[in-house]
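Below, chain A partners chain B and then partners chain C, in two separate complexes.
Right after this comes the complex of A and B.
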């Protein structure tokens, strides 16, 4: 198209670029085809079990069936309001919040202590790191089996050794005021060694000469921790906190094995509530509504770290 | 103090005299011992004869007359060989399919330009954020619709695609110089041949890191198989152990429970102690599983 023929062929001028775009698109699509074929197997399973699953949660949350064989009935937001009005659910949310804070804070603090103490490379440190890491490897169910005996009234490990010092022996798992905290002990024991690894990795970024310079300027161990190490570890803290909170919602097998949410719902956590609704009460609508609420809460949490994660994985 | 001076021998000279780091180290040693007590109890209780009575069960001093009766009882009561087989099938099945899916997808992200790359990248990233355990309810109904309820395939299927593995392989493939691929291209190697003979053999460390994470997490998975599996002979180790514990708890057979737990965790612990460095570095890269 040149300036010599201004607006002479309006149809042609508008059609030509469109054809061009279409053509360019098809050639680009054709060039992309091998990539799509390579991605297809993964995308099929993601579509079925991740996105499809999310879609089904949305839909199922809007329907209700009273018995497993009865036809489904559209109920709108009734399931959601029923879940929110269910004291068992709100109780589970409160328990889960206590559980999240009560497991994340001590396990992260311990992980930092372990990492600071064991960052040197020698045989003793690496043996201690391995010892602290062992609980990470074992299934939560196995940890529960061991701690069931630790907390066993009168003859268990805790009562046998430490219980003698107490005037009255508490029933660790049987007392509604204590059971949730007993459960939290297991989680801290199991996860501190995992978070330690991230702090160990983060500590490698702290330059040794800066530490030495700070010491020469008269900064003691606490000052160096506060002003050099902790600022350097800030990204690690954020990352570990997100994982710890995710774990507090998802890694709750010990509730299933040890307490079944009891005594009197004191250790009922959100995931166990969902399981109960789906498997024990066959109430898929309510289970989906509870899943939806939990997903929304967790997604808004992880959305905070979405950018960081995208960058960590190398960007699109 | 000589012990300390040796342990802190590589600390900066100026800080070697400080007390606080040593107190922290001592506290960590103490806690590491506490951390090991449940494991110690498990081994001691496994070897303790039942005749010692329930009151001696918590004693951490090993019995003078160790016995393997508990191991035999656990072996007979629980169907551990079958559970181990099921768990092995589940872990191996998931891993084999994952190897294919993550290699192909990882290669697409690492080396190919395609329309919608950004969108698809975020689609994968979403899976990293959505913890699969939370989707048990919809996934259970899908597995049932597919006719896979109460099958090991049903247990495996949701994990066949892995965003974590895809990104891990992408990173590994990006580090491989393109010159190698160009040489193969000139020799007329097809896309799949190039992946198979150039990219895969050069990325073995990443594959093994991924295998460690994948196998440990599915070896330990409990809730999902608990929901999918109904027949006792299809239970994996974790579900089997929980049922076994429940049965043995009723009879206060704590020695047997300890023996059963030991059998379930021994394979992983032994592998870890042999390949300690590999495990640790894989878990660091794992972050969100």
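Right after this comes the complex of A and C.
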């Protein structure tokens, strides 16, 4: 709260009579002019590279050309309905939902488990924390290149060990039924350590005296977890869930490197679909429309979760 | 004042930065500066070889200053070139995947090279005559030259000679027909109970490679894949392609000599190197990799036929994007002619493993010596006699993907070849519709 205030503060001290709106506005503007000037460089770049690009997406989503040589013309919402009617898009949305749930739940569960196990600081747990955090430091592209060799059919690391147990060796990335899950394993491997950090921080906030009191009252480890630790971690859960879902939509490096959305679109995710429309199909209108749909979904999700978070914080 | 020195300093810095972004080094007198976009489709060493080549060009051509810009894979290079053209700053020359030229020409993104050839005092026929005939199809559109072949490839059959001998087969007489190849694959497959420990044959299938292999199999089965004369038609739902896909499917489902599912190129070459696959079909571009890594004797051979010997070419051509100033265009043309001359063409071929498109390259002493030392490099060149153009249509990549998605379903046992090809044809016709609406179906 206090961070946003200073720019407006001078207004309160030098406020003109309420009736003179115009004058009040100019005084306010004069008072905050330095602040705006200080913000100007960032605003210019934000406008150029963030809001400008977003505005452009809005405009591009409304235009389309019917044939290669025809000029682009205004088509209104046609692009959006074309995207919604495209089975590749709906397929990508379904894949993305499976992917989001299938990566968020296990990685959060693992992160919580790691955090609970390593919450006390000593030499061993520090070393283990570092080890679990290591995947976060590896760039996704490098990790994907690495995992391509792990998943290599017959000769890869995975088949080398699992191969002794299974009657038929799966083609991890080449079989449409398995490929999406193989991709999900990498995401969980990569993100669990990152989310662990948030839970570790959240655990520090669990009041020591309450825990002690519970201990004295004879609450066992499960009771303490169920009735004290988990409720205290609620805000962390909410925050990590939002991050995990955003990651599920915005991180597709491994799809790009490992499968290109294949085989037969079985690992195609929404962001990769947008890339395909823009680059392979050279269809900026459809790509922009898909981007708008994704943005709308993400923004409503974020707004919803932050409102829930605010409600929680406002409550008892 | 609140905004005193620090703010002004900040603003000044921002201003300078913006200025630097907006007005990059204004060209003055001196050599014409040109950019060459180049992809590295195989491995990292190519970037260094390209640096060497451009340095030599600049030393021998004082009036031109060329800069080589690395732009990633073939697909990335297309994206970056298109982005640069859209931004009004096209590169002067690009090494472009040979089958993207038609799509770019349809989108008005290429410079017609006829005028430049004419200005040199040569005819189109003389100019094209330097290159292997198989490569001309992807460089000429509507009887105008749009690209100059730079490095090219064909698919090959790689055979593990040691394993062949173990199985009682003669590696000096590699299989020539699909029947012989199927027989070899059966004899080269090793099983422990139901589990396969060594596959007889592996053919790659990932986006890009899969379409190329389908074209290979379809062509050796007598088919064409696409209309070479017109970018609005593909022949997916045809007997020749049905035969090709059914045979591939049989290798997996019926004979069980080919690993199931879609396997990307690097996985196929790795399984050949590790001895897990006794025979593979791969590009000549992988020859250097196999030569450097195989710890066993290997043979390369033509792709076996069912109806006829025929394969598509692969590789890249040099192009000049549309919308370039005359002096840059001229400088780029000088660079392109230099890079595709017999000496440079041969040098690049030896460095990379691709074959040299310029036929005269094979008469240079360095090349003759190289081929004597590495006779396997000769097979790719010999196969050029039966090579044909690489499929190129309106929206090549999506049209190819329409087929690949269905082929992958078949290789995974989810669909039968016949219905898969019908679905692929339908999807491709839909993708090609806008172009046909403007050409073949635009009636008076």
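Here, the second predicted complex is superposed on the first by the 274 of 316 C-alpha atoms of A that agree within 3 Å, B and C clash if a C-alpha of one lies under 4 Å from a C-alpha of the other, contacts with A are read in each partner's own complex, and residues count from 1 in each chain.
One rule holds in what follows: a residue touches a chain if its C-beta (ideal position, glycine included) is under 8 Å from a C-beta of that chain, and two chains touch if they have at least 3 such contacts.
Note that this is a predicted model, so its numbers are computed, not measured.
With chain A as the common reference for superposition, the partners chain B and chain C occupy clashing space. Using the contact criterion defined above for the overlaid structures, shared-chain residue A:228 touches neither chain B nor chain C, since it reaches no partner.
In the superposition on chain A, A:155 contacts both chain B and chain C. Once chain A of one complex is fitted onto chain A of the other, the partner contacts of A:134 are limited to chain B, with no touch recorded for chain C. Legend: residue contacts after superposition of the two complexes on their common chain; A:279 is shown touching both chain B and chain C. In the superposition on chain A, A:41 contacts both chain B and chain C.
Applying the stated contact rule after C-alpha superposition, one finds that A:262 touches chain C and leaves chain B untouched.
Of the two partner chains placed by superposition, A:203 touches none, neither chain B nor chain C. The partner that reaches more residues of chain A, of the two candidates chain B and chain C, is B. Within the superposed three-chain model, A:185 lies out of touch with both chain B and chain C [touch as defined at top].
Contact with neither chain B nor chain C is seen for A:101 once the two complexes are overlaid on the shared chain. Residues common to the contacts of chain A with chain B and with chain C across the two structures: 34, 38, 41, 44, 148-149, 152, 155, 279. Chain C contributes residues 1-3, 7, 10-11, 14, 18, 75, 78-79, 82, 106-107, 194-195, 199, 205-207, 259-264, 266-267, 270-271, 274, 276, 394-395, 397-398, 401, 404-406, 408-409, 411-412, 414, 434-435, 437-438 to its touches with chain A in the complex.
Interface of chain B with chain A (complex): residues 6-15, 18, 20-21, 24-25, 27-29, 31-32, 35-39, 41-42, 45, 54-55, 57-60, 100-102, 104-105, 107-108, 112-118, 120-142, 157-158, 160-163, 166-167, 170-171, 174, 191, 216, 219-223, 226-227, 237-239, 241-242, 245, 249, 254, 257-258, 260-261, 264-265, 268-269, 272-273, 276, 279-280, 283-284, 287-288. Taken in their complex, chain A has these residues touching chain C: 34, 37-38, 40-41, 44, 66-70, 148-149, 152-155, 167-169, 171, 173-177, 260-265, 279-282.
Contact residues of chain A toward chain B in the complex are 25, 28-29, 31-32, 34-36, 38-39, 41-46, 48-54, 56-57, 60, 110, 113-114, 116-118, 120-122, 124-126, 128-150, 152, 155-157, 159-161, 189, 193-194, 197-198, 200-201, 208, 211-212, 215-216, 220-222, 239, 242-243, 246, 249-250, 253, 256-257, 271, 274-275, 278-279, 284, 287-288, 291, 294-295, 298-299, 302-303, 306, 309-310, 312-316.
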